[in-house]
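What follows is chain A paired twice: with chain B in the first complex and chain C in the second.
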Partner chain A sequence: MAEFLQALAQGLLIGSTYGLLALGMGLVYGVSGVVNFSHGDFISLGMFLCLGLYSALALDPYVSLIITVPLMTVIGGLVYWYLLRPMVGHQFLMVVQLTLGLSLVLQNGILMVFGGQPARTPSVVESKLLILGDVVVRVPHVIAFVVSFAMAIGLYIMLRSTDFGRSIRAVHQNAHAAALMGVDVSRVQTLTFALGIGILAIAAALLLPGTPIQPAQGLRYTVITLIVVALGGMTNFVGIMLGGLIIGLSEAYGTIYLSDTLGMLLPYGIFVLIMLFRPQGLTWSSSR
Partner chain B sequence: MRQEFYKTLMSPVWLVVLLLAVVVPPLLPSYYLHIVILSLVYVALASAWNIVGGMAGQISLAHSLFIGTGAMLSTALLLKLGINMWLGLVISAVISGVMGAMIAWIDFRFRLGHLSFVLITLAFAEMGTVIVEGWDFLGGASGLLLPQDKGDFLAFQFGGGIGAFWVMLVLAIVSILINVAILNAPLGYYLRTIRDNENAARAIGVNILRYKVAAMVISAMLSSVIGTAYVRYLTFADPYLLVSPIIIIEVVLFATVGGLGRAYGPAFGALLLVPLGEILRGKLGGTLPGLHYFIYGVVVIAVILMTPRGLLPLFEKWFSRARPKAATTK
Partner chain C sequence: MLEVDHLVTGYGGVPVLHDVSLTLSAGEIVGLLGANNAGKTTLINSLSGMYAPMSGRIRFEGQDVTAMTPKQRVEIGIIQVPEGRLVFPEMSVRENLLLGGINARARAHRPRQMDHVLELFPRLQERLGQNAGTLSGGEQQMLAIGRALMAEAKLLMLDEPSLGLSPLFVQYIFGIIDRLHAEGLSILLIEQNLNLTLRHAQRCYVLERGKVAVEGASDVVKDDPRTRRAYLGL
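Coming up: the complex of A and B.
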């Protein structure tokens, strides 16, 4: 039983961060139809920026956010404006290939600067534990859980009740009509992409304490994110967070109750089954 | 249709390229021969993928399963059970074909959208990697080492270097010719109809399941055979190289950059990008780790931004401007 609860806690905590990772991709897909295969490498970039700031200025990853979030947001905006915007209207696959090229550039740029050895970034809360009865959880995971849900709720409110949020939803529903109503579609798409990358900077810092990082990890994060977004029905907020929890839980239970290999297969297996039998994603309505 | 096929076969451009491909490489030093062989491997793989990805418009990332099966299974059968690699090649190809048919059936039965198909095949590819790495019979994470290549043809050995070149040249040509043949056969027209509008194709009575399965099985078996030949050339069956989805992502990159759905597009992309990547690696590999891939990535982005429809269509446009009569059919 203790094992069961432990896995439950672990899965929920990690899963919430997976959900946050996926929200950024879901937003971008909803607004501009771009599936960003360099998503995971932007997470890497966020993590390595934290590492760099720690080595240079001894900043804690959580403090580094003051620098990494604005920086990554600007990078995201520039990438969309100069690289992805010119591809609008071309084949979906070409855009995907472009983001794969971007993934190569990011991954190897990081490799050039930081080298290929796995690295860790220490944080003050790294080794702190929270003990609730039989369940032991690590404080960074709790922080990640709380911040992820706070961010998700914040984004939801932003989409619901700010002008920028309304313009995002307008472009998502019908870009042509939005343009006719005076919404600058390119601008909204660029800002959304920038926002999505900015969110990744936060998610990167949340995942960082206690996690060894290396430049080649990007693809794995991209795949997890894609799976979570697809589980959530691509653009559904609640569905995406739920998808994150499902993947987090299946990873946690898979590694505890099944052999290594089977445990690693479980999230993919669950994903394939859900995609086959509920292709519209987990939730019923597609409104957000 | 037949006439089209033979006309392409007899066209002067083909013959000149073939002649160059046959005459020049045997004279090259071994390093450049390696680049040529590698390019041919990817020409063959990209052309094989094109049958499904380009003509039928199904962006399958599960092809790393077929390449991996061809490479790892045939090696494991030889090393663990002593089964001749020729037989291993056939067994692997049949298993790949069956897997391909199952994936095509799943796609048909559940009417997957484009994006769902990409993601599900990617999940299959990741599952394949996990299985190979966790199963000692297939070499686990450390891979398998084939016995030295002594040039014994009956044991699927071709004497390395130049022998591997001939095998890969044949496979690449066969792969391209299958593309040309399918494009000019009814199957090619059905596939393009399905790609362009599946519902309309269904409505006019195209048997979607049959043609999707046919395309996938041909493509999967071809990929598997290429995988077996590739691993014989490499001698070391490395799961990170041969089974990980990265190999198919590369193949899709070459096919897309070259020009999807054309008979020569994928080959063109591979012939351009593989040597570029290898030469960059050779020139810069020893300096700063990551530099050559970094430059490669920049080139890929630049090429895509400049030719968003693929390289081959662009060249065809130049070509047809010079010679207005040349047909540019899709």
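Coming up: the complex of A and C.
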């Protein structure tokens, strides 16, 4: 029973961050139809930037956010404007290839700078624990949970009640009509992509404490994100967060009740099962 | 106010509009008639800046706008109510209206402009919190016009506002158009409905396969035999 609750807590905590990762991808897909296969490598980039800042300036990953968030947001904006924008709307496969190419560039760039051996980035809260009866949770996981949900709620409110948020939804629902009302569609797409990458910088720091990192890990995160987004329904806010929790839980239960490697496979198994029975995703209508 | 000079526009290098010229003075209501595929929507979208013309010029209030982006044209007051209304289905009526006023010029006056629109369309007032996708066709047309008014149009261009509406709603919408015209708005009215448009517009152009076939005061256009011919595609 203790084991069960332990896995439940861990799964929910990590799953919330998976949800956050997927919200970024869902937003980008919603406004520009781009499925970003370099998503996970941008998470890697965020993690390795934290590592670099730790090595150079002894910054805690949470403090490094002050630098990594603006930096990655700008990188995201530039990547969209110069690389993706010229292709978007014309050639879906070209866009996919571009993001795959970007994935390789990022991965090898990181490999070149940091080398291939697994590394860790220490944080002051890394080994702190929170004990609730039988359940022991790691403080970084609690932080990840709180911040991820706060970000998700913040994003939701932004989409509902700001002009920028409404223009994102308008471009998603009818880009032609949005342009006719004076919305600069390319600009909204670029800013949304930048926002998505900026969110990854935060998610990277949340996932970092206690996690060994290596340059080739990006694909794993990309796949997890794609699964969550597919589960949730590409542009459905609540569905995506729910999908994140499901994947987090299946990973946690898999690792505890099955072996380590099998546990890592469990989310994919669950994904295939859900897609067999609910190919439209977990929820019904889009909440945008 | 609006001058279109020898406009040629097309898709993928194939012209659809051949050498179209038209003018519209401030405060005027001008009809643009034409059968299916005549090029009416292509013309209105060119005026909105959705595609670059192959040649020709568009001037608005003395300013050359040919190279302006859609956003810049909205900001100087050229606003389109698109064919098929194209409201944002998963946004509430209120959000649709707010989005209509998102351009830099209109943004600050949204509360006042919203009052005006809701006074014009009391039906929208009752549906403010409802998603636009759940409105009837007529209500969506009201919303599409309201959204354009939120943008503080100087030139309001309507693409087939009567499309798919019941006769009663058509009458209502044209009553609104007349009222907006009486309030001083300049209006370009694109329609297939010949008699209706001839009744409400001061001057008309008849477009036939991308060319202006007939132009002039509405009663002159009405009696011109070429109008019916162009119209029936004979």
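We adopt the following convention: the second predicted complex is superposed on the first by the 284 of 288 C-alpha atoms of A that agree within 3 Å, B and C clash if a C-alpha of one lies under 4 Å from a C-alpha of the other, contacts with A are read in each partner's own complex, and residues count from 1 in each chain.
Keep this in mind: a residue touches a chain if its C-beta (ideal position, glycine included) is under 8 Å from a C-beta of that chain, and two chains touch if they have at least 3 such contacts.
Remember, it's a predicted structure, so these values are computed and weren't measured experimentally.
Counted by residues of chain A touched, the larger count belongs to B, out of chain B and chain C.
By the touch criterion stated above, A:214 is placed in contact with neither chain B nor chain C.
Judged by the touch definition given at the top, the superposed model places A:192 against neither chain B nor chain C. Residue contacts after overlaying the shared chain place A:90 against chain B, while chain C stays out of touching range. Look at A:116: by the touch rule set out above, it reaches chain B but stays clear of chain C.
Contact with chain B, but none with chain C, is seen for A:272 once the two complexes are overlaid on the shared chain.
Shared-chain residue A:173: touches chain C; no touch with chain B. Contact with chain C, but none with chain B, is seen for A:182 once the two complexes are overlaid on the shared chain. Put simply, chain A uses no single residue to touch chain B in one complex and chain C in the other. Residues 59, 106, 110-116, 119-120, 122-124, 126-127, 130-131, 133-135, 245-246, 249, 252-253, 256-257, 260, 288-291, 293-294, 296-298, 300-301, 304-305, 308-310 of chain B touch chain A in their complex. If you check the complex, the residues on chain A that touch chain C are 163, 166-167, 169-170, 173-174, 176-184, 286, 288.
Within the complex formed with chain A, the chain C residues making contact are 48, 50, 69-71, 74-75, 79-80, 82, 86-91, 95, 98-100, 102-103, 107, 147, 151.
Within the complex, the chain A residues that touch chain B are 35, 83, 86-87, 90-94, 97-98, 100-105, 107-112, 115-116, 215, 219, 223, 226-227, 230, 234, 259-261, 264-265, 268-269, 271-272, 275-277, 279.
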